[in-house]
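Below: a set of structures, written as structure tokens.
After this come two complexes, each holding chain A, first together with chain B and then together with chain C.
Coming up: the complex of A and B.
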């Protein structure tokens, strides 16, 4: 394997590791904020103890997860130096806002929440708990603004003098911040965190019920976890719908790969598994029109006319225009400052073709096709797990609400099994999003083979295994501490009202 | 000035007393410190060396620009380029 593949695997591993902690942070923050709100509203010590227990697990997850995202930023500079320079101007603002505002907000109020039970007023403590969750959520927004821009690079222009994608004005910044891909990604990711948090609470509560311990605590936690998880599931479906529309509009190859769709057309069917299809469903999902046109992999390679009547050029034509842009860039750099007229002509050619610049680096049209098998199956696993989790959450909520969990061991076991499954589902979502957009680091502008640093495969391989060992060690520590805290259980008191 | 000093002093006491009174959270603090040490004193120092570290902005844009056009076909004749 070459340095590109090792660097991609290393980045994927780091991002996947980071995403083990983020969704639980987002979801548990909401669960414990709701529980603490109940404590203040009902003046019932039971809810305080219950919130404190989940806060303890939140703290374990936070402690192990904190700063894992920083490793991704280290890797940008070391493994992806050309990419880092190219996006530096654009990424600077959202990542700075994320670090200065959102992360510090989260960290500050986390300290008040964690330490302040008997030191600040109950209302201030409750505000801190909510603000910890809101800080984490805002933090996710700015990260996803950066990620959304890579999927749909709006609001920036390529500056051949600095060789960077730059935001020229406040309006451009606004365009980046309100990028529809970033907005739907944000809702999809955050609400999938609610599903993870809700499922985690329901699964852990199910374990207590199976052990015959903490019955009231477990049932009431299951109700809150079930509600948060189900609201999250509904929101994930809604935001997933807009993600599908955006993929069809901005990244049709990703959608074609996720569907394994070689040849598209109008009234395209959705494949549940190979051989089992729902007629017209893909067109409905991708265009909200049963007869909408969805291009397949071959259509994208050859060129097609989209639903708005726009002619989308073939990949070969895009490659030609990309090479033209790169040639113009080379000429511009040679004559800039020496021959203003020629430089202006080169700049005009570059500007005319810059949207396809990345295609100039491809060797053959088929290079734009991502690994179809991985994307196809990851998409199905994500949807399948999402539906299973939603069903288990619904049943858990129903039976705990009715207090009829007695004798439903199968449901309690299903809830426990769904804890690892919900994590697998979340990881599959990111595989669809990131593997599905290969070979691009920035859609249409910068492929991975140009974004990479000059590194040897051996050097990347060595660091990969070092990181693997470090990550594995911390993960084992987290799981041990988490299991220890769960086994010990909460210091609950009986609720005032049953 | 006095108010700021009082506020800073309250914050300091809040953290100091909280860390002193910590029970089950103590291993978590050690875990965070260990992780930050591994991240910044080991991984950052020995394994992460940004390729363009130490370069000026101009040198960086020059290097990335060179890399971008490296992958293109040999430069087209300027006449062909502007008069396709």
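Coming up: the complex of A and C.
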């Protein structure tokens, strides 16, 4: 395997590992903040102890999330050096803003939340708990602005003098920040974190109930976790719908791969599993029109006319024009400052073809097809798990609210099993988003083979295995510590009778 | 606002973040003292909890330093991180261990035991300032790389920045001038760490040990720092001439210092403040040395960054291909990106204010042995 593949594997592993910790941070932060608010409103020590228990688990999880985030940020430079230059002008800003606006907030108030119980006033402490979660959420926004831009690169122009994509104007930054893909990704990711946090709390609480321990704590936690998780589930479905529309509009190949759609057309059917289809459903999901046109993989390769009547050229044609752009760029760079006329000619050819320049780096049209099998099945697993988790959350909330969980061992077990499932669902979501974008790092602009650093495969392979060993060890330790803390359980205080 | 103004402004911000990062590495420096055998386990745990309430700030500053460098001077990010691969990867690994070491150290089931994670903190305590210092040292010695932007048009070898040798950054260890800066930072952060602990923990034993550690560090720190400064002011530097060509100029950094009196004043004021903090920490009963040392560190580091980047100087030079050297002008982001980020940067005082407020609230009660023995909320 070459350095490109090892770099991809390393980045995928770091990102996937990071996403084991982030959703729990996002979800548990909300759960804890609600609990601590109840403590202040009801002046009931029970809620303080309850919030503190979940905070303990939050802290173990938080540290590993931060650590892996650091590696991700620097890997853009270490392993994707060309990427860093080519799109650093667009991509770097959200990262810097994330640091300034979000990370300091998270870091500062996490320390107050964790150590400040006896050092600051209860109200300041509560504010710190909320601000820790808000900081994490703001952080999610900015990194998803960056990721959203990779899926739908708006507000940029190519500058041949600097050989990179640049911010087209100050107003273009607004386009980047309000990129519809970023906005729906933000809601989809953050609320999927609520589902994870909610499911985690419900599942752990179910374990206490199965063991006959901490009944009041468990039922009350389950209600809060259930509400957070269910609100999250509803929001995930809504934002998932707009994600589908955006994929159809900006990344039709990703949608075709996620559907395994070889040949598209009007009134396209949605495949539940191979052989089981719902007629016209894909057109409805992708275009909100039962007869909307959805291109398949072959249509995209050959070229097609989209729903707005625009003719989309074949990939072969895009590649040809992309090569023209690259050749013109070389000429322009060679003669610029020496022969104005020739430079102007080259510039004109470049400008005519620049929108397809990324395609000039591909060696054959089929390169634009992502690994269909992986994306197809990850998509189905994500949706299947999402629906199952929503159902379990709904039932758990209903029966804990009515205090009728007695004798429902099946539900308690289902809640426990859903904890690993919700993580698998989240990972599948990112597989759809990121593997589905292949071969592009930036959709249509920069394929992975041009985005890398000048490193040997051996060097990247070495760091991959080092990171793998370190991450695996940390994961084992984290799970052991969490299980230990859960077994030990919270300090029990009876709630004040209402 | 002109493009040049924005580029200079962002170099100032990068310098400020660099200065704050080195100051906040008192966390690393204090963790070096976890190896002090005269301290009991409880006392070591007090130090652990003292730095444990600040490490995220240092870590966040590192992340923001990286993010801001990426956003404002992406060619540096691309060239240095992708080229000096092993240095950065090593730095990342020590920081990753550091990040989990607090939370994991005293928990059952942590596999490596208390000692394993304590060693991880000490290793990070030494390696982080050493590697950061050595990397910044190459701002003056130069590195072995080549930048060819048009390479991106060539599908067979599209990478624009390539390192000239297979050591990928470890070659910096062969430049003694850069290595001396790494050593300077190790001693400086060890001193800042001791000053911080002195201020943050109410325990006469620990305080005595910290004062002793400062005394022991003064001589090696001064040798390294003065030696590095002397070499800096006498070595040839990488100058950008009127035609925009990069040339070697004898005594360039001394010329820069003399050409920019404000930087000279900053540098000298910083040095005086650091010396004052050494004196306060080692020879008086004062506990406020950290503030003088901290401010002094920020000023000196900023002055060093200014010497590297301003007055027509290449801040990340390539000695193997002079014209590939990075300057503030040729490596920055576009006008609009810098402009937008500059607006966002106006929020920085607000961020600093809430950090200072929270820090003040948390530290108004100093850490005591009783607190660490009794509280549940600790590392």
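Here is the rule we go by: the second predicted complex is superposed on the first by the 496 of 498 C-alpha atoms of A that agree within 3 Å, B and C clash if a C-alpha of one lies under 4 Å from a C-alpha of the other, contacts with A are read in each partner's own complex, and residues count from 1 in each chain.
In this text, contacts are C-beta pairs under 8 Å (C-beta built on N, C-alpha and C of every residue); 3 or more make two chains touch, one makes a residue touch a chain.
Because the structure is a prediction, the values reported are computed rather than measured.
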**Asked** Of the two partner chains, chain B (first) and chain C (second), which one does A:388 touch, if any: first, second, both, or neither?
**Response** neither
**Asked** Touch check for A:40: first (chain B), second (chain C), both, or neither?
**Response** neither
**Prompt:** Is A:64 in contact with chain B, with chain C, with both, or with neither (first, second, both, neither)?
**Reply:** both
**Prompt:** In the superposed arrangement, which partner chain does A:342 touch: chain B (first), chain C (second), both, or neither?
**Reply:** first
**First, second, both or neither for A:110, with chain B first and chain C second** = second
**Request:** Please indicate which partner A:416 is in contact with in the superposed arrangement: first for chain B, second for chain C, both, or neither.
**Result:** neither
**Message:** For the overlaid complexes, name the partner, chain B or chain C, with more touching residues on chain A.
**Reply:** C
**Message:** After the superposition on A, what does A:468 contact: first (chain B), second (chain C), both or neither?
**Reply:** neither
**Message:** Between chain B and chain C, whom does A:124 touch in the aligned arrangement: first, second, both, or neither?
**Reply:** second
**Asked** If you stack the two complexes on chain A, which partner ends up touching A:238: first (chain B), second (chain C), both, or neither?
**Response** neither
**Request:** Jot down the residues of chain A that show up as touching in both complexes, chain B in one and chain C in the other.
**Result:** 59-60, 63-64, 66-67, 70-71, 74, 77-78, 81-82, 84-86, 111, 114-116, 119, 162-164, 326-327, 329-330, 333, 360-361, 449-450, 453-455, 463, 466, 470, 474, 477, 481
**Asked** For chain B, which residues count as touching chain A in their complex?
**Response** 14-15, 17-18, 24-25, 27-29, 31-32, 35-36, 38-39, 43-44, 47-53, 57, 60-61, 63-65, 67-69, 71-73, 75-76, 78, 81-82, 84
**Item:** chain C - residues contacting chain A, complex
**Value:** 53-54, 56-57, 59-60, 62-64, 66-68, 70-72, 74-75, 77-83, 85-86, 88-89, 92-93, 95-97, 99-100, 102-104, 107-112, 149-150, 152-155, 158-163, 166, 168, 333-334, 336-337, 339-341, 344-345, 347-348, 351, 354-355, 358-359, 361-362, 364-365, 375, 377-378
**Item:** Of all residues in chain A, those that touch chain B in their complex
**Value:** 56, 59-60, 63-64, 66-67, 70-71, 74-75, 77-78, 81-82, 84-86, 111, 114-116, 119, 160-164, 323-324, 326-331, 333, 342, 345-346, 349, 360-361, 449-450, 453-455, 463, 466-467, 470, 474, 477, 481, 485
**Complete:** Seen from chain A, its contact residues with chain C in the complex are 59-60, 62-64, 66-71, 73-74, 76-86, 88-93, 95-101, 103-112, 114-120, 124, 128, 159, 162-164, 166-170, 172-173, 326-327, 329-330, 333-334, 360-361, 363, 449-450, 452-456, 459, 463, 466, 470, 473-474, 476-477, 480-481, 483-484
